[in-house]
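Structure provided below as structure tokens; questions to follow.
Chain IDs A, B, C and D follow the sequence of writing; residue 1 opens each chain.
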Amino acid sequence: MSRRLLMHVGPVTIDNDVLSAGLVNNAGFASPEFVEAMKYALNGFLYTVKSGNYMPFILPGSGTLAMESMTSFLKPNDSVLIISNGVFGDRWKNIFSRYNLNIDYLKAPPGRAVSLNEIENIKKHYRMAVMTHVETSTGVRFDVKSAAGILRNISDIIVADGVASISGENMEADKWDVDVVFTASQKALGAPPGAALLAISPEAVSELNDVSLSGFYNNLYAWKDIMTSILDNKSAYYTTPPVHIVFSLARAFELIKKEGIDERIKRHYIVAESIRSGIDGLGLEIVAGDDYKSNTVTAVMIDNPSEFISGLYSKNIEIASGVVPELKDRYVRIGHMGWLNINDAAATVSAMERVLHEMKYNISPGQGLKRMQEFLFNNNY
Amino acid sequence: MSRRLLMHVGPVTIDNDVLSAGLVNNAGFASPEFVEAMKYALNGFLYTVKSGNYMPFILPGSGTLAMESMTSFLKPNDSVLIISNGVFGDRWKNIFSRYNLNIDYLKAPPGRAVSLNEIENIKKHYRMAVMTHVETSTGVRFDVKSAAGILRNISDIIVADGVASISGENMEADKWDVDVVFTASQKALGAPPGAALLAISPEAVSELNDVSLSGFYNNLYAWKDIMTSILDNKSAYYTTPPVHIVFSLARAFELIKKEGIDERIKRHYIVAESIRSGIDGLGLEIVAGDDYKSNTVTAVMIDNPSEFISGLYSKNIEIASGVVPELKDRYVRIGHMGWLNINDAAATVSAMERVLHEMKYNISPGQGLKRMQEFLFNNNY
Amino acid sequence: MSRRLLMHVGPVTIDNDVLSAGLVNNAGFASPEFVEAMKYALNGFLYTVKSGNYMPFILPGSGTLAMESMTSFLKPNDSVLIISNGVFGDRWKNIFSRYNLNIDYLKAPPGRAVSLNEIENIKKHYRMAVMTHVETSTGVRFDVKSAAGILRNISDIIVADGVASISGENMEADKWDVDVVFTASQKALGAPPGAALLAISPEAVSELNDVSLSGFYNNLYAWKDIMTSILDNKSAYYTTPPVHIVFSLARAFELIKKEGIDERIKRHYIVAESIRSGIDGLGLEIVAGDDYKSNTVTAVMIDNPSEFISGLYSKNIEIASGVVPELKDRYVRIGHMGWLNINDAAATVSAMERVLHEMKYNISPGQGLKRMQEFLFNNNY
Amino acid sequence: MSRRLLMHVGPVTIDNDVLSAGLVNNAGFASPEFVEAMKYALNGFLYTVKSGNYMPFILPGSGTLAMESMTSFLKPNDSVLIISNGVFGDRWKNIFSRYNLNIDYLKAPPGRAVSLNEIENIKKHYRMAVMTHVETSTGVRFDVKSAAGILRNISDIIVADGVASISGENMEADKWDVDVVFTASQKALGAPPGAALLAISPEAVSELNDVSLSGFYNNLYAWKDIMTSILDNKSAYYTTPPVHIVFSLARAFELIKKEGIDERIKRHYIVAESIRSGIDGLGLEIVAGDDYKSNTVTAVMIDNPSEFISGLYSKNIEIASGVVPELKDRYVRIGHMGWLNINDAAATVSAMERVLHEMKYNISPGQGLKRMQEFLFNNNY
């Protein structure tokens, strides 16, 4: 493919080293090189979520598989609290609705997150509470740390979907007392899609057993033995792992450690703020309210999103369309995850300016870029 | 990794062109290049199973995910018939046992398949009957065509697991009247693991609906819309597809079409027979009985399998250990799927001879290779 | 390597498809796939220089090898005219000085080209006249077309070094009556370094013979038979060709044909003008005078070039240092060749602004980017 | 390309890790990553020829470029002794004939090497004596160590062409008192073609100066400064180096160190002897006499070489045709260099048997393989 810049919410632009780490034509799931890479990736994920004593899992599938694997902790008629800030918060409801569960559901309007007050007022006890760290549909970031503090009183198991956050936002599962966090390989980790990564607290792991609502493929109780074996340098088989994605992930975690997780999060912040400064300069409205802006996804209101998207595409930048029903056809999403840097932000803002100009917006040349540069000048980036 | 020859049951040795087709660092699930590759792969799979009017699916996961997705056709208390010839036949039972289903189960001893007579004697009617084309645990091939003819009378939906067979064995889903056939990317298709491919008859597709035992991730009713959209050249999202594996699959199907599916199956046969001739020459017993030998997997009885496996490994050949409980620690498995040719068979038989010699078997030099060459000489291969 | 943007004068940023086309682990110089790729690349080069009746050559080496191969047309004491606009023009002198030749040498000051008047005034006759289309050391473009028209009267063989121009600048060797044009794989063609490509007029080819000043490796008389054979679909050996670079080149020419050579040249112009508009906006002086600016290289005066270069490097952009002795330590060079687009220009100008700010230049945020955007707005790019 | 086995004399089968090390789309010749890789490769080459105090060079071109660069040590009318055992020995004559030199030339018949006695009888003194370690045209190995001992008395500079030997045959340049040894990237080092590697004794390096017969491109006096700079971790430019080949070479040397040079040479010996045992078993004659067989190339007499070659090709094995005029159309060459192992030998001998059978030779199945296995059984390989 041509040198198009992928500013999408996932898959995202992949580092070439990460990509070519998967160029292995003779690795089986029992090959020592795979076992080594898998172990490295498992531990790399714990580093990334700052939770060395958690148990790491890598499953063969997307982030949604990780979500559904939470059924491994649930039994018929269990109560579950869903805190939804958008489409991917709602996905919890869509998933759990296929099971025999009692669901309570809090929902925020687009661009905002459920208020902590609302959670504090809950009197009921739940087997599980689930939330979304960054809502991919709007770029809204939720205060997982504070929410977990409150939820600890009303829920046995606390789950945070970190699909659109982990390695781009700070996540300290252990310290924040979140039992389960997870992401997918193709988001801020910047590898090809195909693997879901979870970190689970020792307490939650100890509660896994054979009797649960989970199916076969997503049964964490069964997968636990596989991960234990790998961490002990021994191959094991449940269903075939995504061998090549794991090689790429191992390389990604090597680069993440080299960069440092905090440096990586800071880089995500700088790129996000660069793009948002440009957007402000261009006079466009950002969907997420001021307290909710994330390092990884920015949703932008625009009158004719498909024209905007195809305009950017013709300028070699691919962004994502909107998916929130309430804002249907009124916004777009820009992903800024993985291996991006300020160069990509500059390219994106420059292209946005020119597309808006072509769309007859009243834009003066450099209007958005000036604001982006101001942000960068002021912070010496 | 070094030039070790992977003679495994999956993942298998991958063609370099297939592998490097996945070297794309800027493809999203909505990128036109992905939509094109996905459509190509979907149609390529139909070509491979000779069923142009079936509906193709590619799911993000392993072959087991395809198995479990059969719950999309099932409702609580449905009756299911499982025809098991080994570990992967039993996997059906393990999967369906997690659901509220009435299960009947026929089982063959290792090395043999369930007899057609036994099936003919069944009087009951089933919502679904499932079988395994080639049993990966023993290399036993089942006569899917004949079985389907019988099962048609007693089952609404007929399913054949072609994970270890498709593109290495003849499979004519449409003509044989099998409703669902599936495989996984890392078997005879010779791509990296991460995608499950299904072809489903129009009749079965029309029975998919929102009320089923399936979960969310493996719900074929939901996936149907995605596949329909892709086949219509439009991107669509349910959960993130394995983008890079699909690029590799598209290239694999391009090569499969170039080779011709029947030529490809014949090549699998020749490699299989070459290896088996060598094994016969070496005086080892093959697990599969004469009527059950497959083109893709050969299981071999051996006294000290781990010594045999590590001996071959030291000679740069990786094979698989045995998994059938009844034969535990008494056999090994050789996979011969994908892109292998006679050169690989010769290397394997040569190495087996030398390992047996080292293990103090009474082997004369060339004893197995001679028989392999006789087979090849006699057939002008 | 990290996602650093290579804005160098060669090697340049390589398209991933071009790069991965070289991922072939089993191609020999006699393999049919290589012969096919080599033939495709040879013809692709003729397309690129719009000279279908010329004879193409690909030699195993850099552009300098192509320069020195001009000795294949020369005999002891031949007269040669060198038109030099900088370091790479002077390279002709350095090369020819190692041979028994009579050299006349015209030289322009940095940032300018030798005047056509000066050439018109020459009364002498030469065996060969050589010039440089784009002088890599300063980015100065020479009017090869007009010069060739004048030189035709005083030189048997007219040679234009297109190393830093071909596929980024218009080059019509045949129409302009230039006998020999050449480039190297790692410049505007955007492949890895390792191949020199030449196109030679039928008249000049007919003058090649075994008696010349050339050595063995660079003897075009010997290489002629190899190219003839390849063009006739037959493998041939003189010394080992750069097999993998040729696979990449074949893919590059495929992309060049798809883009169209004139579109490609226009894209180079737009990127060059974008960067130069930004530089103007930043108040920096461009080395090349107004009539001499090229599409491929821009040299910029700067007080502390090494600080500027390392500043950009820390912002993930790599440019080249200056090499002209007269301007030593007073300028830098930006390469904009191959597969770049406006996104790269925006990234570069943004980074330059920030580096100058850090270097205490009096720069207002967006000052350079504004001018770049004006250029783009005005031309609807 | 398909999984064809390349048993050629160069380029040879490339290890996938070595190949993918060159997948770098943003490395310039001044990039720190390149400088690091180049330095690593330079030192890796010294390890390979066991001469840590020699000066290493990597030039952008094939092995022939290294040969011609010997003119850097020569002045007009110097005397040179050429010891030729075949086509590539004769290449020295073809090269030096283009220069003003006094050439003495010793030549052995095909399959044999020049006798040491003949060299001992020489009374003349030479500026340079050149020989070929393994003659690629016939697979004949020359006793470089003994020859160097004799030549030291009659030649200032002793040169051994190790193109078809280094890393496959023992070469101790320093201990054997050979001043210059060289190879090319695509031979036993197993990387893509495009780089020539030389190691030169300190004494010889000290004699390099600006006045020599060399041209510009191959002038070692100029290249010396570049290599010195790189070894001092500083980038430097003379002409563009083969950046991507150097990345591959660096990876190759990493693997070579990991394997150990003596283990690597032994592996070459085992593969060579395996193939030759098979050839003996098949009743074919090997061109090289018993004292001259090399670890890297085996030439085999055959009546209809083109039929034999295309027969093997149809069985997915590519070998090389013969090139010695005296044996024209009467033999073929099998290369066994780089990353091959016994598996490749078994595949080759199996295929040869079958091709000979098809060519109506009187071959019994397994006849050659038996002898190969006997060799391997007897030595516990």
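In the analysis below, a residue touches a chain if its C-beta (ideal position, glycine included) is under 8 Å from a C-beta of that chain, and two chains touch if they have at least 3 such contacts.
For reference, the UniProt names are A, B, C, D = Aspartate aminotransferase.
Quantities reported herein were computed from a predicted structural model and do not represent experimental measurements.
Between A-D and A-B, more C-beta contact pairs are found at A-B. Distance from the subunit A centre to the subunit B centre is 33 Å, each centre being the mean of its Cα atoms. We define each chain's centre as the mean of its Cα atoms; on that basis subunit A and subunit D are separated by 52 Å.
The residues of subunit C that reach two or more other chains are 1, 3, 5, 13, 15-16, 20, 23-25, listed in rising order.
Chain contact topology: the protein chains form a complete graph, every chain touching every other one. Here subunit A touches subunit B in the complex through residues 1, 3-6, 8, 10-16, 19-20, 22-31, 33, 60-65, 68, 71, 94-95, 98-99, 184, 186, 192-194, 214-219, 237, 239-245, 318, 320-321, 323, going by the rule given at the top. Taken together, the subunit A residues at the contact with subunit D in this complex read 16, 20, 23-25. Residue ranges on subunit B touching subunit D, taken from their complex, read 1-3, 5, 13, 15-17, 23, 315-317, 339-344, 346-347, 349-351, 353-354, 357-358, 365-366, 369-374, 376-377, 380-381.
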